[in-house]
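After the structure tokens below, expect a handful of questions from me.
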């Protein structure tokens, strides 16, 4: 750690990991409910568990992004954070608001929550991923503004590198597009249309800028490759991501009431969406190949390089298999979508946040890296998590194929109903639950690596003062 | 010799390409928004339909069901439930719909359960109106079959 | 050095003039059912020739890394044959 | 590098323009290829729509636009040669390129206007959806091309030639040729390949 104020990243990272564990727990509940329909009913109905699962994901990823920003911006700008105090205040505001929201989901029926938080004044609740009460949304906007102010002031004072400029653009975009979550017209199609401006333009737009800049930062630090080289690749990759991703939004506008030309635009542009992910993979591996130093933190490098592979598979390959309109006609809203969602989110965003935590956490604790013994456990946990997530994805894909073949493709009268199809898929759901448990084991191994790191602290390379 | 792959060009592609495609997206959005009223029959979007949509949201129906293919995949698609369960007859559908919601949860052991939402008759009617209106949106012929 | 320039520009000028002539010839083709087939074939051939010249001489990919040149040629071939096949299919 | 050698006989493996741009151009060509291939499929399944749709278009407008773009390509290729030889004519050739682009833009706008006033639009039928999507997307590329050429011509005139001028002018030219290449395939497919 070169700058004192980088330390504010610590609570953000710790809270992110905590929420990650919560997300996994609720994932297991959901996986069980897919098999035993009345599991935990009526205490935790499926919709509540799912809401908690997905909202925790978003909240912890954002928390990880903020932590990553607080960690890397002082180092990139070469000056202390504008106000570490503000970062701490915002952390508590964010953590308390987030926790209260989750408690709200779990303790009262959703309709009651809507009523007590005054949803009728400005209705924004009850839309997928945007279930947060309106006051929570307002809170998110306030935290985001404070955060952007803090980071923006730091960048204005310090060195402006490509990495921190791209990062701040991504964060700014994240905040701007979130504003569309306050727009909820009574026309369903219009509502859905602009709902995607939050969801798609986040995950296939501005979040990729954040992903790219964090990845570029880790690669510069661990490989010692010339900044110029990394930066031009960063520009090119995110440029390609925007070129394909912006009009690629069209692949969500096939069957929700929007005009039919979106069938063309969505298919054509999302067909080239795997390209930036492919380039990212090639980029990461060629940088590692050209490395000029051996960084002791092998675990962080494993996270970063594995991230590009899994992102390419999840966002690139699994996105492509159901993105063309004629295919999507049959797969839209099936378990195929769930398969793609799981691998893409894990590969692109979960892994990059875990990569930066893996890189930054030892440094925040005064070490170059964790001890070799701790890294061994951590790298094993990466393998377990990646393989389990691949298994979940393959099984959900199989579930989706069954669903499409039984429920969608056959003619009316021959096709079986939704619930009957789900009954057919139960064996696959069992296997998926097992894979989910394996993933949980991976998460615990990851946590165990922190314990090992603490115990073997003396074997870890110390951080040179002002290195 | 000049550089073959320059940061300047990569930056121009990022800013130029990003702006170019975002502008195209805005232009297409403008066109979409102008033709949507016809495709979704906005003239039939009554106060009841709007109230139904609010009820749909306040009870987080999207947490289990899909609507026009978006949502959770735990319970059936409801974008065409008016056709599937109401045979496109409003009176039949409303009778079926309110009986169904009042009978929830079924309590059959091991089966997926739908919570009891305690909606009154007016609310049930408006929610049904919303689903009826939704089923008439021009969705480019989706879903492929009646089973959704 | 001067002679090299002249050769290059002369070649470009000729190709440009021939491409313009080809385009104008298309305009003069009679639009009758009898000529539908020749028109399709002729316009496809003209498009191919123009594309090859653009790629090789205007873009100067004749001596570029062969992979890039092949990719562009493949692009030209695929798109031209797609539209031509569709047109021939119809007639 | 020996400049003269490169001019007379460009060495094998020489890439004109910036490599970053070529990534972009290939992606763009990919998009157009999918669009064109998709339209071919639509044409096979709805031949009648293409037949009636193509009859409505104005072949002369297509011919003028093709001449304009080919001439633009010629001018910009000459401009690159002039930049290499430090000839002051480069600026004029770039301006001429932009002018051909403006001819294209005017004709296309007239064409759009007359089609729209006759009631044909993006939503008319499958043919016109394709026609407007593909040509408007291409049209925006021409507009962008004119802007890029003008910006570069101005920079060249103001700052003079520097060690990056050759690469920059080659990049500008490569973009323009790409736009031209796409039109060369679209033009017969839209105006002349009637069944």
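A, B, C and D are the chain letters, set down in written order, and residue numbers restart from 1 in every chain.
To be clear about the criterion, a residue touches a chain if its C-beta (ideal position, glycine included) is under 8 Å from a C-beta of that chain, and two chains touch if they have at least 3 such contacts.
Only a predicted model underlies this, so the values are computations on that prediction, with no experimental measurement involved.
Student: Which two chains does the highest number of contacting C-beta pairs join?
Tutor: Among the chain pairs, A-B has the highest number of C-beta contacts.
Student: Calculate how many whole Å lie between the centre of subunit A and the centre of subunit D, each centre taken as the average of the chain's C-alpha atoms.
Tutor: 39
Student: For subunit A versus subunit B, what separation do you get between their C-alpha means, in angstrom?
Tutor: Centre-to-centre distance between subunit A and subunit B: 24 Å.
Student: With chain centres defined as C-alpha means, what is the inter-centre distance between subunit A and subunit C in Å?
Tutor: Roughly 47 Å separates the two chain centres.
Student: Which positions in subunit B are in touch with at least two other chains?
Tutor: Counting only residues that touch two or more other chains, subunit B contributes 5-6, 10, 13, 17, 24, 31, 35.
Student: What are the residue numbers in subunit D that touch two or more other chains?
Tutor: 15, 20, 23-24, 122-123
Student: Quick check of your reading of the touch definition: is the inter-chain graph here a line, ring, star, complete or other?
Tutor: Shape = other; not a path, cycle, star or full graph.
Student: By the touch definition up top, name every chain pair that qualifies.
Tutor: A-B, A-D, B-D, C-D
Student: Where on subunit B does subunit A make contact in their complex?
Tutor: 5-7, 10-11, 13-14, 17-18, 21-22, 24-25, 28-29, 31-33, 35-37, 39-40, 42, 45, 49-50, 53-54, 56-64, 66-77, 105, 107-113, 115, 117, 133-134, 137-140, 142-148
Student: Using the touch definition up top, name the residues of subunit A that touch subunit B in the complex.
Tutor: Answer in residue numbers: 33-34, 36-38, 41-42, 45-48, 50-51, 109-111, 114-115, 119-120, 123, 125-128, 131, 162, 184, 186-193, 228, 231-233, 235-236, 238-240, 242-243, 246-247, 249, 253-263, 265, 329-330, 332-335, 337-338, 407-412, 415-419, 422.
Student: What residues of subunit D sit close enough to touch subunit C in their complex?
Tutor: Checking each residue of subunit D against subunit C gives 4, 7-16, 22, 26, 29, 32-33, 36-37, 39-41, 43-44, 47, 50-51, 59-60, 63, 66-67, 70-71, 73-74, 77-78, 80-81, 85, 170, 173-174, 177-178, 180-181, 184-185, 187-189, 192-195.
Student: List the residues on subunit B that touch subunit D in their complex, please.
Tutor: Contacts found on subunit B: 1-6, 9-10, 13, 16-17, 20, 24, 31, 35.
Student: Which of the residues in subunit C end up touching subunit D in this complex?
Tutor: 1, 4-5, 8-9, 12-13, 16, 19-20, 23-24, 26-27, 29, 31, 36, 39-40, 43-44, 46-47, 50-51, 54-55, 57-65, 68, 71-72, 75-76, 78-80, 82-87, 89-91
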